[in-house]
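Presented sequentially are two complexes of subunit A, the first with subunit B as partner and the second with subunit C.
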Partner chain A sequence: MSLLLRAVLRQLVAERWTTVSVVVGITLAVLSIVAVHLLAEAVKSQLDRSSPGSALGLSHMLHRGALHENDYFELRARWRVGSLASVEALVPILEGRVTARRDAKALPRRLPIRVVGLDPLALPGASRSAIPSLDGDRSWLTGSAGWISAGSDLVVGESLELPNIDGPVVIIAEVEIRSTFDDPVLLVDIGTAQRILDRPGELTRIGVLRRIEERAWMRVAERLFPGLGARRYVTDAPWKVSGYQVEVLQDNGQRLFSGAVLFNLSALSLLSVVVAGFLIHQSAVNSIRQRERVFDRLRALGIDERRLVLQVVFEGLIVALIGSVFGLVLGWWIAGWLGQLALGETASSLLDGAEGTAIAWAAGKALVFGPLVGCGSMWVAYRSVFGGVRKRRDGLLVGCLMMLGGGVSFSATGVAGAFLAIAAAALAAALLVGPALVFWAQAPRGMATLVGLLNRRNLAHRSADVRVALGGLVIALATAIGMSLMVSNFRVAFEAMLDQRLSADAYVESRVGFTEAELAELRSIVGPDSTIRVERREDGWMRAAGAGRLGASFIYDAGDVDALRRYGFPGPLPAGGILLNEPGARRHGITPGDLVEVSGSHGTLELTVVDIFRDYGASSPRVVVAPETGAALFGTTAPRAVAIAGLDSEHSTALYRFAERNEWRTRSDADVRSLALAVFDRTFRLSDALVMLAVAVAVVGLFNALVAVRLRRAHEFRLLHSMGFSVGEFLRLNLWHAGMLGVHAVLVALPLGLGIGWLLCGVLNPRAFGWSIPFSVSAEALLVPAALGLAGALLAGALPGLRTIIRGDYLDA
Partner chain B sequence: MTREWPVRAAVMLLLMGGCGCQPAESGGGFAVTGLRVGSVLGEPALDEGFARARAPARLMFPRDHGPHPRYRSEWWYFTAALTDPAGNAYGAQFTLFRQALAPAAASNNPWQTNQLYLGHLAVTDVGAQTHREDQRLARAHPNLAGAQDTPFRVWIDGWTLGSEGDSLFPMRLDARGTRVTLDLRLGGAGTKPAVLQGNRGLSAKGPDSASYYYTLPRIPVEGSLQIDDRRVSVTGLGWIDREWSTSVLGKGIVGWNWFGLHLDSGVDIMVFSLRRADGARDPFDAGTWIHVDGTVTPLGPADFELVPGRVWRDTAGRNWPVEWSLACTHCGGGLVIEAALDDQRMDTTLVYWEGLVNVFDTHGNSRGNGYMELTGY
Partner chain C sequence: MIRFESVSKRFLDGDVERTVLRRYSFEVSDGTTVSLVGPSGSGKTTVLNLIAGLDVADSGDVLVELNGVTLSLKGMSSAARARYRRQSIGYIFQFFNLIPTLTVAENVRLPLELTGRRDLEAEALSRLDALGLAGREDSFPEQLSGGEQQRVAIARALAHRPAIILADEPTGNLDAENAGRVVDLLCEQAAAAGATLVLATHSEFVAGHAHQRLDLQR
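On to the complex of A and B.
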């Protein structure tokens, strides 16, 4: 074993408590990175499986009233002569619902199932791998076999009797798709589905895989920072196919919202790494200071500076690697637990099926971030002790303030600017922690106790021993405060939006629009006590002054004031006025009072934006117009959705049955509201857990620093002991010291946390997703992290103190 | 005799299970390693109900230009050696394979069929040292894939090879792939009549296995091709092979080397050698010497010998013999066959080598060109 390695190992063993605490800090930091990465993959996987289309790798669905397979062949021919750019696959799809009869011994004997027919040979290549046994059993082509969605009561090998076909259909494998309804999904060949559903030649929709150009760096950035790519689904112009309505499977609120959450979680996982860097730095500074004489002797013996630096960096590498490996293993376990917290009981199964690339990326990040931070912090610590890094705190502060100001003021700096502003604010606070501590400790006061005087003196003269660790604690607490403020404000705003939008008892959607006859039948089904409000939605274009044309969705209701209240507008709309959603307004810098040009299939108008409404979960512009404006833009169109209020349970059941027969999508607004809030709360519990991890890392860092302080105060303790200090007084001394540090950290963290909260609500989220969150301060968001910070500091101080007192270490000289 | 055995082997393996071949990007694709011809083509258990080639049949045209659904496998194989006005050399290939999964029709719903089709498209640009290939897979359906005899037409998902009138020629090949496009007109003066291979079209492959096989050996071709972003006008000579059979390979056969050559003298040559697992020469190696006037001299194993020369190693570690010596009773001093470009590998569901070759005499003088197929490596 080389001398270098032996020296490093010896040093690590000699300072084993420091080593252990640094390993613990790295472990916690890496754990959070790995957990967030694996969770992000599980969330994305869940979203991909959320519908058969998504599960099979399709990106769009094309709809048209009364779709026939001849339409599909015509479109396919257009595609093959190059008419549909970037399309890689077209798939005919037919869906319907039937009742299947099972084997005599199976229960229940009769089971409603959802039949989805498609042409597996038309699927994109990678998607075929999602259908097991496609290349092992040819019977699906001749109509006697199919696949069942995972998680149903039906089993592989089971035979089903289905209407309109001779002979049973045997289930040959399970497919990892999730049914959007409660019934299991039976995937069969398109010809088989047409016979089962007795719909020869018919299709429901055409699935499309269209490759969206994605820069390579974006793919890498998404892997490094899950959630960053959530905005990549936002396209400037919607893809249009003449004669069809286009549904984008990936550009939906659920995916964007999940991306937003993952984006925030990724940032928090990095926070732990940053705080761990502070921990290592502080520990390293203390350790190197204790070995100053040893280093001087080594230099005198002729050891060059490079080797000394190498030894120190190597120490950091070894502890970081150990911590990273632990963090990787624990991160996997924690991911399962966090996933359970956020996603429900399916989390474990999702992680069990994690792809090799996801695991490889998680391992790579763990084994890179940890050692990077470890080695970097040790190098900086060595340089700061031996003067290689010149301290330019004032310059750094000015730089931080400029970065903060620039990032906030110039929206062109985008998300990166917002992140840098937050980082700059945190760094500035960390830089000021030490001087503020000294200032506070030295401030003149009246009569004080001996314990108080001793601690103030210690804080004033030995701030270097703790200020870096304290800085880490300040950042962690400030982030906890900021996140807490952001989440509480977001929830309030989100709930307000849900209350506005989800005001009906039931909401029914038809992709191709309701005919007058269907509307009449709906009215008779829901009963005379219910009210029906129709909603028309069409795709068009919008252009603001000096900007390019942007695709937009247009919504126009029956025109009543209640409809407009859903978008927070007291209504009615003034002539020539429109409401625009916030993401759309931000994309073009539009404010109320601006003129915009809007275009539809029937005309173009110049209208005034009278108000902007919040639209969490939307990625593209949505415009609310008056019915007459809609008619002028799009002509006479069929309503695509109806909202029904005043529905009782009897009529509700009849409504859902009728909707199902017609394959309309239905939802209960109340259920959606409860589910949305439950998902919100569940997912943000994750951020709480990650912030607590960061605080834990910071507390470990402070503990480490206070252990070093204890050693340096040994002579002081001996003197006090000789003066007759009791055990209780020693305890009070240590707790006082730790408490003062905790209070100081909280006092610095509070304004920083308020600033971070404001930046998250008003700068980062708007730039990242186009949503702003109204900012207000709640006592709970401030007090809980403050109390945790103080408790953590007391714990970090109490343990070394207790150990000192009990073992009487200070008596050994 | 068929040169398509290894490809057919892959087709049978793939289509028997509907392997799911996506049109492959050039140079990429879904290569299946380790696919053995013999293990697939020698599956008597799957032959039940299908017709077998056992005796010479009276081939009649145009009927036999169309499909033979009672037989399990079939293909229409077009290759061409082409040049542009500047004299740059190109190779073109369009192949359509048919595979039946069951002897009887499944139902009267056109989607429910027992026939699958696989199409391969490839272009070689010798000057740019580029080879691009594409693949399509579809079931038999009037709007997706199929074949008919009158007027002759085969098609798969937008690719079409078919007669422009009532007679077989002129024919038009219209195929647009991901990075290659062929728009060629086949036929005209100098087209040689069809040649029945083997014994009046019955081409033996083993003691108890055979196929029906005929060739259209020399077809003038003119039109245009596109490879990547370049489009060029081309002329040259094409070759069409037609074959259908059920379970044609014998035990112990692992691959195949096939050559279809146009000599400048007006003679065309077809030879193949079966690759046995034990390395020995197979007694069913065969060939055909097609004279200028279209008359035919069959070649048996004693009449010719193929000896491999230089080998090219691909990125997957396979060694492809891209140079050969052909000694035959009619060849004079012998012929040397060299690949115009080493990498003309078909990176499709089954990986095989199919490409343009140049023919020289033993003194190095150019004698012609043609196509070579290597399988089972």
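On to the complex of A and C.
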């Protein structure tokens, strides 16, 4: 074994350029896996924290007109006998506003604050640990201490005088709470809050944590491939609790959306690994072919095949281990930077707080993926040099095409089918790139100089030394093209949807619904120039012919043309017609013109789907119906949201104040829109970075292959040198060769990239997330990766070229 | 005329410095054939490389007189040496003399393209006939025997009418019959073209073809 080790190490040192570039390739690939893993963990924990239920870790709120402690106890009793499926926590909450008096020195002395009382011990475990000094300092139990929301003027240690209680309340720590209001939020025990607000025995709502069922293997799969389980956020039915209005806090649409993004990122990090595999394979083939005679001699000495294979695989293992360790360290380091790109400033703090298991998983993935790819590609390379793998290429090609056709045509193959179709297309292109290069280089052309002819023939002659690396470059570039086509089309469609949907200036929601009197008052407050659109939403069911009953949410606005335009429908809605969102339509296989049965609390109707609207981020069916239809389904209900347009700043201040007094939630559509777009852009900047990494790995692979080509052409270069070839001419020769390889890679990558873009928009996204993306081709999406590929190839050609010239290698040969 | 003026050349072999040529001087007049004889490692290739300007002397100088102008190779830039090599040198190695991706005719035409002397094409290609290679113009080097390849190399080295032909063991891997033929042809063609021929060899038989003999010791 020690002799084997010594032989392997000497080999790695002797071919140090190859070794170094393979290490670099593996490092980059492992880096992207590690960074994506850590980021996925950060994104998930950010999502857990950023829902409105926030630090409390709650998923739903239950409301009803007047709520008493006894209702809470009654609900707990129901929970205990198991009638509230998958509920993990029930928390009583009382909320109200008071004015606090601060220390003599603090300014302002009197401060309006929002008091939130709850039973911290009823919170789910994870949220309990998010509240500092909950278990250590028990003074909050006696009503002499509380927590303040982060980012307010109040500081830890300060004591507040509050109405209706004797002693002051000391602030013992800050908690991360997202509040829809600007006022500081004081978190206290429920009993304390009831005394301060003088509402003994009363509650405003009951918080719930309800978990989506998750199987153990699903959790493992999600760790292995973040985003894989995004589909679980596609829920079948809205959760109902009899006697209560259910408010959903954890927005599953948002989770589905970020799951979709993570899914993309995971796929892209795997891409780097695949490209690194190509890189290792190419350098292994070149290095083994260089040593072909040595292997023959060793065989002649009686060394058996297994030992030779072992030596080669061992080389791969050592290089891959080194690369993986580098990649792990760099990935950890770079994840923070990538996180800033994608998540903003919060990322670094999220990563600092990464739990041990996340790090262990990242390390495990690095140390498994890297060596696996390293040993695997070495073994395949050995087999392809000595075992005649090439004969199988035609069969492989046919297999790829069948997989592509099957994956696209049979939607039953689902996400896996779409994924395999993309992989098959990429593999087919990688297999064809070598023969295409030979064909292209040998195509008859007009008069050329001899040097030109020599260059062109070399392209074909040395194609075996570069074709695998070229295949890697083609895959990386095509993915860059496909991704940027997908992202640019997605962005256009997403923005168009936001423009339609979020056209109001302000949006006001009441958890329990607006009364007629409140609506009249709202109208008088926003002034005569503003228009108010009342939105009614209720949860019901729908059933398509031959399909099961599915929960759906129903929207019935004023029913006028303006309201319908928000869903891209030019119309008024014809009698008996409804609009259905795309995720709903896909899950039922519904197309415009189909009849569906819809039912609400008051009745069941059979209606025609007249149009399907795009609904990115939606996880379940949403149905737009005419107001009369809505009334027939649900009876007369109180509207729970109004959208106000044409609001000027003076009226909007008045509106916000009024809404706050009534504990209504308000938001500005413009803010939501720009926030959504900012998040979109940031996230996809990350995918750009990952694609760049994959392209970089491919360029390293090409560099490596070109070093080998240079080695093989050493005699030729010596000859040219003796014939008076100058340094500049050698550089031009090398650049020409590399540049032509780049052009060739781009030419193959362009159609493949278009195909991948189309598959992502039209096949993968609909199957994975239920939404499709209209596909159109933009010049930028094609040209930027093309230019990148060419520049990368030239760089890969210039580096070994310079080295050859500086060291004068062609003389030693 | 080629003149070595007390040329020294050292190589670093790992950490050890090896002096290959120590204050070596000689002179070769135009149009003559010179054999460079010595055991392996004595510096034959080094001398040829110094003449070709592929290497530069550590001390002393290599002077080459061409058309009445004397060039000091030591004082020239690498670009100027490349130009000099292109115009005035025809180099023949022991093996790998031909570009594998060019045909016989293309290999011979290559120096003409590099020097821009397309007018010499007919003359260069007709030399292939004289070297017994008629009909092989469109073959690729790998389709030729070793002796044939060396004869193509002669045609290539002479194509652009260089003033100096350097041949480094041109017959090293040929059998005696072929070796004799190749050396005969080489000397004959060089003499016909009026070029100075420097022949590095350790074969007394080959050295015997030359007008002048330079001995190198280890």
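Here is the rule we use: the second predicted complex is superposed on the first by the 746 of 813 C-alpha atoms of A that agree within 3 Å, B and C clash if a C-alpha of one lies under 4 Å from a C-alpha of the other, contacts with A are read in each partner's own complex, and residues count from 1 in each chain.
The rule we apply is simple: a residue touches a chain if its C-beta (ideal position, glycine included) is under 8 Å from a C-beta of that chain, and two chains touch if they have at least 3 such contacts.
None of the values given here were measured: they were computed from a predicted structure.
Asks: Hey, is it subunit B or subunit C that touches more of subunit A?
Replies: After superposition, B is the partner touching more of subunit A.
Asks: Tell me which partner A:Q194 touches in the superposition: subunit B (first), subunit C (second), both or neither.
Replies: First partner only.
Asks: Once the shared chain is lined up, is A:P184 touching subunit B (first), subunit C (second), both, or neither of them?
Replies: neither
Asks: Given the touch rule stated above, what does A:M723 touch, subunit B (first), subunit C (second), both, or neither?
Replies: Second partner only, subunit C.
Asks: Contact-wise, after the overlay, does A:T449 reach subunit B, subunit C, both or neither (first, second, both, neither)?
Replies: A:T449 sits against subunit C, while subunit B stays out of touch.
Asks: On the A-aligned overlay, A:P766 touches which partner chain: subunit B = first, subunit C = second, or both, or neither?
Replies: It touches nothing on subunit B or subunit C.
Asks: Taking the two structures together, which residues of subunit A meet both subunit B and subunit C?
Replies: Common to the two interfaces on subunit A: nothing.
Asks: Under the definition above, what is the set of subunit A residues touching subunit C in their complex?
Replies: 449-451, 453-454, 457-458, 461, 715-716, 718-728, 811
Asks: For the complex, give me every residue of subunit B touching subunit A.
Replies: Contacts found on subunit B: 14, 16-22, 30, 101-102, 106-107, 109-114, 116, 137-139, 143-144, 157-158, 176.
Asks: Given the complex with subunit B, which residues does subunit A contribute to the contact?
Replies: Touching subunit B from subunit A are residues 69, 73, 76-77, 80-82, 89, 119-126, 128-129, 134-138, 140-143, 189-192, 194-195, 200.
Asks: With touch defined as at the start, can you tell me which subunit C residues reach subunit A in the complex?
Replies: Against subunit A, the touching part of subunit C is residues 49, 52, 54, 78-79, 82-87, 89, 91, 93, 95-102, 106, 109-111, 113-114.
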